[in-house]
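Two complexes follow with chain A in common, the first pairing it with chain B and the second with chain C.
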Partner chain A sequence: MEPHSSIYQSTMEIIVIAKQVKMADSVKCDFAGVEAAIRLKRKTDARIKVVVMGEEKDAIAQVRDSISMGADSGTVLLLENAEIDSWICAKAFSDYLKNENFDLLLSGSFPIDADTIQTGLLAGNMLGLASASHIEDIDTGEASGLLKAKKRMEDRVQILDVKMPCMFAALPHPEAPIYKTVPGINRAYSVDIPVIKLDLNDQKGKIKVMDSFKIGERKRGKCLTAISTEGAAKEIINTIAANHIL
Partner chain B sequence: MNFQLDEKRLALQAAVREFAQNELAPGVIERDEASEYPLELYKKLGSMGYVGLPYEEKYGGSGGDYLDYALAVEEISKVDASMGISYSVAMSLYGGSIINAATEEQKLEFLPDVFSGKSLGAFGLTEPNAGSDAGGCVTTAEKKGDKYVLNGLKCFNTNGPLADHFAVYALTQPELGAKGLSLFHVKKGTPGFSIGKIENKMGIRAAQVSELIFENCEIPESALIGEEGKGFKYAMKALDGGRIGVAAQGLGIAEGAFEIARKYLMTREQFGKPIYRNQHLAFKMAELECEIEMAKYMVYKAALDKSEGRPYTIPAAKAKLVCTNAAMHVTTEAVQMLGGNGFMREYHVERMMRDAKITQIYEGTNEIQKLVISGALFK
Partner chain C sequence: MTDFKGGILIFLEERNDKLSKISLEMVAGAFALAKEAGCLVTGVLIGNQMEEAIETALRLPINKLVICSSGSLGDFDSDKYARVMEKCYKEINPSLVLLGSTSVSVGIAANLSVRLSKGFVSDCINIETGDEGFCLIRPDATGSVHQRLVSETGESLICTVRPGTFSEDDLEYSDITPEEVFVPWEDDVSKALELIETVYEKKQYADITKARVLVSGGRGMGSAEAFGQLRILADLLGGEVACSRACIEAGWATGPMQVGQTGKTVHPELYLALGISGAIQHVTGMKDSDLIIAINKNPAAPIFDVADLGIVGNIENILPVLIKQLQERKGDV
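Our next item is the complex of A and B:
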């Protein structure tokens, strides 16, 4: 079944998925998705639901934190009897999401998934959604049913016009933290947080991560001095061409 | 008996801590030096619901209780004791004065702005010749037709230059002394009301403390809060709540300095080892840790006594005495343990030591707290 968008006449429905990764003695939580959702909610009427996969106690805590920050509701998914990898998680998310109504699906980008950003994009793919990663900023689009997203590339940004329903993996904004509010905390500790157990019948993982790379540091530009106007123009054109801008 | 904060309180505490560490800590040294109050940050705190914590939503509060509020004052004061007191005065002294005695209509008019953190409230009781002996006020409020006319000078008013709302205590019947004292709400900008000298202080330098001057200042009859002649009682009740705020401020200052010292002792090396390996310093820290924990239980208990409707005058006085003495002791020891660096601005503890001193003085000096506590012992 295709997920269907409400093509938000009034309220945009956003679902944020997050998967927790257990490290030695702590749990890595990814809030980039919910932060992107909250930023968008500040610009337009939206409702945010978070779906967190992890161990029950930690996942409930992440849902509560998300609601405290501004999400509206949340659910926990527990995977049982499976060898957890990105594919298995994506499959579980997409199975769950098939029956949900949403316009935008969001995940984080870096802190989980061994930094490969796979789970969200895979889930988006399984649901047949237009998907994009490294999304820095989201705005409502020019026409209804469209979103405008800013995608960070190595050396530039790309502005995407995307039709909803769609899936974005959002980048974190550590420079502009979103704080918990008192009404948020009150809501987080009064709402019901359903815990759904998915029995995966001993499924095996399908993904082997060979290697992963983060976006590199942006390089400083080149400064051309003591060069003729013509030479400078040529150099600029060459640089533009080499970077596939032209 | 339960010594554990529940999950929701822990979440609230963690949230205020995160805000304080991220937003208040940067610039705290500069604000102290320049005597500048971060009003925008206070408003931001308000917009997230952290200012009106102990009050009902219909008055602009966020529906928590006094323990939530004490936890917030504590977290803020770990980093910035100036904001700690400004917040506490607006909530306990201004807010407490109004909420304890005003009519419903007055509460709805005078509280939401302050409880939502959009503006600050101040409390005007002390006068040059009426400090510990607050009954010695000489500022008058003379009834003329449907107005009161205020004349006199209040000194040392926290938030004075910044506040929009003032709880002012003045004599409606001067011949009765303390029994002739009444409480009024005064708005900033009322003709005849001006801000006098702004104090240049030893500590809490970012907080703004000033005189309030009343020269034939006319306020409407409807600005009388509660009954004429009950002002002294209202002031003492507001101060009971305020002392919980000051206790939490002292606790926060002590904890802030303690943590800086703890980290310093682990990283500073002399004689070839980190200095905490000297038993003298480690034992000193053990003692301070106990002092802080005692202080914490006393202020949390006083806050819960107030929230849960038990008498809290004596618990608040005890908490104020113990917590503020802990603040002074811990900060003084912290400066010593940091050696020369402790004396320098950038290590924070010297500011905390200057800030700690005032907590032993305002909202009733610690001698006055002993008067209150011993008074109950020998009734």
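Our next item is the complex of A and C:
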């Protein structure tokens, strides 16, 4: 079944998906998607729902943070084993989203930061949505039902007209962070955040980890501490010259 | 289960009628892998007006070149490209599909993965052959550990390869012309995406993976103005300016300049790290540089652990003197 778009008469429905990644002593949250949604909401009438996949406590915290920044509502897809195949994650997102109403699906764009460039794009494609990655900016389109998106590429920028419903993996804008607001924080603690337990036991993944290893180490060279400024500059230039780079 | 017999299918990225650097790197890597595995390599070239790209591709050490040429294709529409790749896949049944880790190819890879219901591994930094077929290596979320991944089901995998993983220098052009296969493009009217405009921003986004010398700044540069000074130093050394993620966050630099786990992997002849602490996520992207020189005021900064020459000192003082001495030296010769 294809997701049905509300082809927004008045209010655009945006869903942001984010998968949390567990690190040694913290959880990596990805806010690029929700930030992109909030930037768009500043330009047009929109409603934002965030769907965070992760362990209960951390995922609820991310939903709360997102609402504090400007999202309207959120849901947690409860994952008991965070070390899960991205195919299974994407499948779980797309199964959940099948029954949702939205015009735009957003995720983040960094591959390792939060794994979402795979998970988001896979989910978008599983839902049969027109999908684009590395989206830097989104605007409402010329006609209703269209969005104008700016795709950042290695050597150029493409401006795209995209028919909704569609999926974008948004680039973060670390230079222009979106802050929490007091009304946002109040809302974040007053709304109900449903937690949906995922049953992924019989899901088969596509990839398995054979083993992991620490990355190779490089030898430490000479380190000069008490050296004059002139001496330091000279040492650098001599080293560069000795290596035939100058 | 060891199975390489389907060989390797590579999506060759074409840009302005040229094969992109990552395409040549992937062919160099695939050639070595195919030799080990005793399998064939097929390249796929999709686009319009690609005379020069085809000419180059016909000299590559690949066994087969699939060409799909049509005026209506555009690399912004990953669905259209993935459909052509799907056709090639079904013809060839490869054991591994390679695409570049680029803004164009990652969308095609995800789309293809769903079309074929095959696993997708993004951002690989190495590929090996093993008992279980092709092993894909990629950093985990922390960046300090690399994982070796294989197919869970024994089926083929689709993988995007990070630029710099293989070296274009290893590429040997071949006298044997690959078999040419033309795939027609049946245009349909699915027009979910349309390109309105392409804006080129050449100057601003020099490719740091190609530079011989990288002058890389970190948060320790202190300000946008000081960071701007790095351009002068880079010009004097014939290089480009790169940075740590902290500088992107500060708004001093733009995304394509970032080195590290979520940025680029670089191995220039000289990497000059100024005011960079040396977080593992940064070091991952630059530790294979030929010569690393670091300036940092903190003697305990981990960047010194990977530097050939470390200077403990204040950049505010050293940078202007270094620039001056280099300018004088240039005047000398």
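Observations on the structure shown:
Going forward, the second predicted complex is superposed on the first by the 194 of 246 C-alpha atoms of A that agree within 3 Å, B and C clash if a C-alpha of one lies under 4 Å from a C-alpha of the other, contacts with A are read in each partner's own complex, and residues count from 1 in each chain.
Here is the rule we use: a contact is a pair of C-beta atoms (placed from the backbone, for glycine too) under 8 Å apart; a residue touches a chain by one contact, two chains touch by 3 or more.
On a predicted model such as this, the values are computed, not experimentally measured, just so you know.
The partner that reaches more residues of chain A, of the two candidates chain B and chain C, is C. By the touch criterion defined above, A:K180 reaches chain B but does not reach chain C. Of the two partner chains, chain C is the only one touched by A:R152; chain B is not.
After overlaying the two complexes on the shared chain, residue contacts for A:V195 are found with neither chain B nor chain C. Residues common to the contacts of chain A with chain B and with chain C across the two structures: none.
Taken together, the chain A residues at the contact with chain C in this complex read 21-24, 28, 85-87, 110-115, 117-118, 121-122, 124-126, 130-134, 148, 151-163, 166, 171, 174-176, 204-218, 220-225, 227, 229-230, 232-237, 239-240, 243, 245-246. Of all the residues in chain C, the ones that touch chain A in their complex are 15, 76, 78-79, 101-104, 106-107, 110-111, 113-115, 118-123, 130, 132, 135, 138-153, 155, 157, 191-202, 205, 207, 212-213, 237, 245, 248-251, 255-256, 261-262, 269-270, 272, 284, 287, 290-293, 295, 299, 304-313, 317-318, 321-322, 324-326, 329. For chain B in complex with chain A, the touching residues are 7-8, 11-12, 15, 18-19, 22, 48-50, 53, 62-64.
For chain A in complex with chain B, the residues that touch the partner chain are 64-65, 68, 177, 179-183, 185-186, 188-189.
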